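Following: one structure in structure tokens, then a few remarks.
Every chain is named by a letter (A, B, C, D and E) in the order it is written, and numbering of its residues begins at 1.
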Amino acid sequence: MYHKFVPPKRMTLPNGKIVTEKRSPAPLIILLVVIGIILSVRFTEFDIQVLLNHWDKFFDIVRWMIPPDWGFFTELWRPLADTIKMSLLGSILGSAAALPVAYAAASNMIRSRIMISLVKVFLSILRTLPTLVTALIATFIFGLGTTAGTVAIFLFTLAYVGKLLYEQIENADMDAFEAMESAGLKRIEAFRYAIMPQVLPVYLSTALFCFEGNVRYAAILGYVGAGGIGFLLQESLGWRDYSAVGMILFMLIVTVFLIESISEYFRKRLT
Amino acid sequence: MIEFREVDKTYSNGVKALSSINLKLNRGEFVAVIGRSGAGKSTFIRCINRMHEITSGQLIVDGTNVAKLKGKQIRRFRRRIGMVFQSFNLVTRTSALHNVLVSFVPELPLWRKLTGIFPKHNKIAALTALDQFGLLDKAYVRVDQLSGGQQQRVALARTLAQRPDIILADEPIASLDPVTARQVMNDFREINEHMQIPIIMNIHHVEIALEYATRVLGFRDGTIVYDGAAKDVTPDILKEIYGEMEHQTHTVLEEAHAYVS
Amino acid sequence: MIEFREVDKTYSNGVKALSSINLKLNRGEFVAVIGRSGAGKSTFIRCINRMHEITSGQLIVDGTNVAKLKGKQIRRFRRRIGMVFQSFNLVTRTSALHNVLVSFVPELPLWRKLTGIFPKHNKIAALTALDQFGLLDKAYVRVDQLSGGQQQRVALARTLAQRPDIILADEPIASLDPVTARQVMNDFREINEHMQIPIIMNIHHVEIALEYATRVLGFRDGTIVYDGAAKDVTPDILKEIYGEMEHQTHTVLEEAHAYVS
Amino acid sequence: MKTAIQNQLNAAPSRVLYYTVTLTIFLILLIWSAAALDLKLVDESGRSIAAGIIWGLLQPDLDLLFDFSSKGVLYLLAETVAIAFLGTVIGAFLAIPFAFLSASNIVSSKVSFLFRILLIVIRTVPALVYGLMFIRVTGPGAFAGVLTISLASIGMLSKLYADAIENLDTRVFESMSSMGCSTFEKIRYGIIPQLFSIFLSIVIYRFDMNLREASILGLVQAGGIGAPLIFAMNAYRWSEAGSILIGLILLILLTELFSNKMRSKLIKG
Amino acid sequence: GNEKNEGEKENNNTAGAAGDVTENVSIDKLSIGFVPSRNPDEIITATEPLKNLLKEEMAGLGYDVKEVDITVGTNYEAVGEALSAGTTDIGFIPGGTYVIYDDDAEVILTSTRAGLSIDSDDPKEWNDNKPTAPTDVQTNYYRALIIAGPSDKGQALSEKVNNGESLTFDDLNDATWAVMSSSSPAGYIYPALWLQENYDKTITDLDNVVQVDSYGNAFARLAAGQIDILVTYADARRDNEAAWTSDFSRTQSIWDETNVIGVTPGIYNDTISVSKSKDSNIIDEAMKEALQEAFMNIAGTEEGKKVIAIYNHEGYQKAVPEDYDNEREAQKIVQSLK
């Protein structure tokens, strides 16, 4: 588009050859970004003055959180375990379900255009819904508690892993697949033996990555009544019991750190 | 055993890749298919095991009209035809043994298909096939750690494990260095001579084609312009197959020469 | 024009990479530096433009005592010496043109350095350099989308754009396939012959070294064991350079042979 | 059977133990976590609620969707975009120093470890808590949302930036010093061109996510479309929720389309 | 909060001392925060006229307010923190919330409203005389009710109460409860106090507790049978009477399907509190008085009554922090039970 309106630059080399150089769209893009920033600043009433004057108030709550209420641990570990359960189960089921869905969405596996587009649109819409909204809807259907949280995480994982997986499948090397078809294997069998080994490492590492993120998400699902540690977080914030909030966050950070370290280890081994 | 009767093949984009092919291929033959790029060689080979559909005419393999087969029949039919590819088409990231084992998949019960746990007799058969190509000690090595020649031999072992009645090969040596290429060609000759399995091979290297094959098919623009014994091929015939353009023929022949030097 | 006087180089870990090098290199020469791995070839080349510091002795390039240079002087001195690397060392994710333009950076005024807006005459010079290597149509292509040979030619164009008085090359063809390697070597020869720029090149491929270079330096354990015309190199000399171990020499020569075959 | 074949068959690297252990651990974890499921509440009422939700979502409140006033979906979407945009821009800049300080090829492993932990801390604190913290600075409203989004972005952006920095091709440094370039010139022409397009593509990807995240901010009164959406859902006004969701989904799909295009252009050049 | 220049401040002080307003003090922006005890957009719509009413009243009292900014918090904490930090100047917050944030907030008014036809400690009396109706008498406290819904368990509990039997803790523990955020007086604190007084237990001792974020949500779930018991303010059933049969699609009326099974002691009504934070330096003693005056005047007008009706406020009385000492006690008990 841009290049249609802005004529290219011509340069003549000493030996008479003519080179045309497309004009860089950078100035236009910078201009657009600056306009975007100015509009957004207006819209959100962003005021750097306020920030400079009051930035220290941000740390009020941080100060109140220290030291954390260590004794709170006794009440904490059970909902924390719930949170981990929720995200673990949701991640496992979601990743498992993502496999057939991704197969159905991969244009090199399925011949029906309609089927492919339907599944892809389904995944896109699923990914669009913020987890909190999915969780809220789930609480209406499955009742308040960890089931709803699990369902929300399941759907999010399905959408996320599903998309990455079908992209992987579509980019997979089809040579072996072709050889297997020529050896009389069904498409789905050829997928199992030619494509799966190729996408497996990425699939597993995506699932692990997703699990990691889900623990963080699960921590706030309590806010919409989806169980886990989020409920305690909400309650402690309500009582303005920031040392308890500090303890919750501390435990959460430790958990996330552990999970991240473990999954980092596995991801390195997988790829 | 393979018979083409007035076979035409037009791709969905309108390209006519084969026209009025009439041909009879016999048991035990080693057929080299030569021709310029785009002449229809790959299309020809792939029509035989229905990787491509023919547009009109009849293709009869061992008395079966290939065009009439459906679903499961096609797959059963394909199992009888082994195919070897230019880029080996192995499952990377898995062992040589695993690649050979895959050829048994269609015969497995569902749970084995899913879990990928193969019965012992399959493993022995696969190891035997690898052993035939001197790859027994590489059985548990990942194929991406093998050299090109070894990879093509794993592919050959996989094809043989299928116990095919015919072997099709689409430029099996195109990505190999000269020395390895000859080793692989020797393997093909061995299979052809000792096991009496007919081989139909697309090949760009004229010299090699003439050296190994018993029969040569020259393709040009989708039709067969030469069909005869390898020893009868003359430079004039090559000129006919590869076109009038002096330069073109020249380089092709030169290449062929450089290759075997 | 380049003179080594009793040059020693000991790395900080105590490895003595060069000892008592005495040498005079002249204008217009095409010098191939050969020797086993670890013999000190790279160290030798890198001392010339002070990518490494020598430990003792004198290194005089065009009358300048290189060891005496400081800060900005070093950088100005280096601009006169072009260097080409085994792994091309291009700025990935940017165009070929941009890579060549980088060689003008040190001469730009500050605002241009900051904004990266190059003056037109620089662009024309860079395009001309690319044109010399037949890469004009690739000027706006990202270098990571070019083949290895094309990338090495971009690196050459970049070096030439610098208008160097000498070109140093550290195994410039080691990561290229045989055919491309020869094309690149031809480029070097052209530069050497037509522009009379002397070239000093580390190279592992003995056959190629002997074919292209006018003078050969044989390194062994940090000292020069052979210094003479390329045409005078005999198998015995190679044995001396590459060591007594029969097997070692054998394979190196064999490799050299296989390479050019 | 040839003994060599027999030998090879027995020589099969035994992964049985490995697989059994992995599978057992996996099953234990699965069973343990399955306790989180409690399906007793999925009964008649659950189903009728689900039906109600779907019915409501399929009948969006079109007036609200095309309402151009400050309560309409369009205005709220614009506000959400503004929050996400500004938040992403600020986060993108703030993440740069964190990224360099946590890249193991730039700083010592101790420093990089410390900053990795700091980034985990930043990432783990829920946006809701940040929201409260910022309300103390700015008061309720979109401003607090912008700040929350920028802070939440830092955690992830820095990590992705750091990965890019660790994959930097430093060989070009060598050739640039051989050309006589100074350190500044090496950074400006050697590093920045390599990082710029990757960073930009990461930022665009993050903008995409921030748009989704901005809906959560509604819970802490930090502006955007989240609050009206959650209120509408809590009050069972599904047709209103439906129109908001349609707007949100369309917006995010469009953004995604655009961001995918931009990113593949940036990566492939 | 916005700042006012020094000169004006002095001017205002002397004017206040002299007792007659000569020149109005100019204030850029006065921000008011509301808690979401009703649906927030209802609150926003209903309180829109408050902006002008307040400006007019304040103008008469010597303050030119250029802008009144109204926000409805999505939760109580957001309003509390904003008030405590001074980013919001005035908060319409419940007594419980005020007490939590009283380090930097100060109560200036307590709301009053018409009492209900029933004001008893005994749940049976509430059930026998339902539906409850408003009266003319203004009170400055209200009660929270523990209400059982149409689910089987809920019905069983109601029956027991109406038969005059007393409930055991096990009866209550069997059922699923919905509570509000833990700083909500009717939705958490006073019910907890009730459990404490009657069973020596608290809400966290119950096995099946879910938290909801609005009373409407709680009633919706009660109607759906997802929960058996909810806790709410005494008027709540009147507020949800219509929704019960329409939005929540029940066939029978709310009065037929729900019963009171517990009644808490009186809860001091909502407050209007101002920020004490030095960052909100528009609020000084004179300003507080002016605000007290202004809101009481507004409550006296027809238009004003309509506005504050959204919170079931009907009038305001001046209040001092000590009024809420009981509330502080209540919270101490509840928090120590945690």
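Just so we're on the same page, a contact is a pair of C-beta atoms (placed from the backbone, for glycine too) under 8 Å apart; a residue touches a chain by one contact, two chains touch by 3 or more.
These numbers were taken from a predicted model, which means no experiment stands behind them.
Shared contact partners of subunit A and subunit C, listed by label: D. Among the chain pairings, A-D comes first (most C-beta pairs in contact). The mean-CA centres of subunit A and subunit B are about 45 angstrom from one another, to the nearest whole unit.
Note: centroid distance subunit B to subunit D, computed from Cα atoms, is 49 Å. Centre to centre, using the average C-alpha position, subunit C and subunit E are separated by 82 Å. Across the assembly, subunit D contributes 41, 49, 132, 136-138, 141, 219, 230, 234 as residues in contact with two or more other chains. Counting partners per residue, subunit A has 54, 57, 60-61, 143, 145, 223-224, 237 as the residues that reach two or more other chains. Inter-chain contacts occur between A-B, A-C, A-D, A-E, B-D, C-D, D-E. For subunit C in complex with subunit A, the touching residues are 120, 123-124, 127-128, 131, 136, 139-140. Interface residues of subunit D facing subunit E in the complex, by the touch rule stated above, are 41, 45, 48-49, 52, 71, 131-132, 135-141, 218-221, 227-228, 230-231, 234-237. Against subunit A, the residues of subunit E that register as touching in their complex are 76-77, 80-81, 85, 87, 100-101, 178, 181-184, 188, 210-213, 221, 226-227, 279, 335, 338. Looking at the complex, you find that subunit A touches subunit B at residues 173, 175-176, 178-186, 189, 192-194, 197-198, 201.
Every residue of subunit D that touches subunit A in the complex is listed here, in rising order: 29-30, 32-39, 41-42, 46-47, 49-50, 53, 78-79, 81-83, 85-86, 89, 117, 120-121, 123-129, 132-134, 136-138, 141-143, 145-147, 212-213, 215-216, 219, 223, 226, 229-230, 233-234, 245, 248-249, 252-253, 256.
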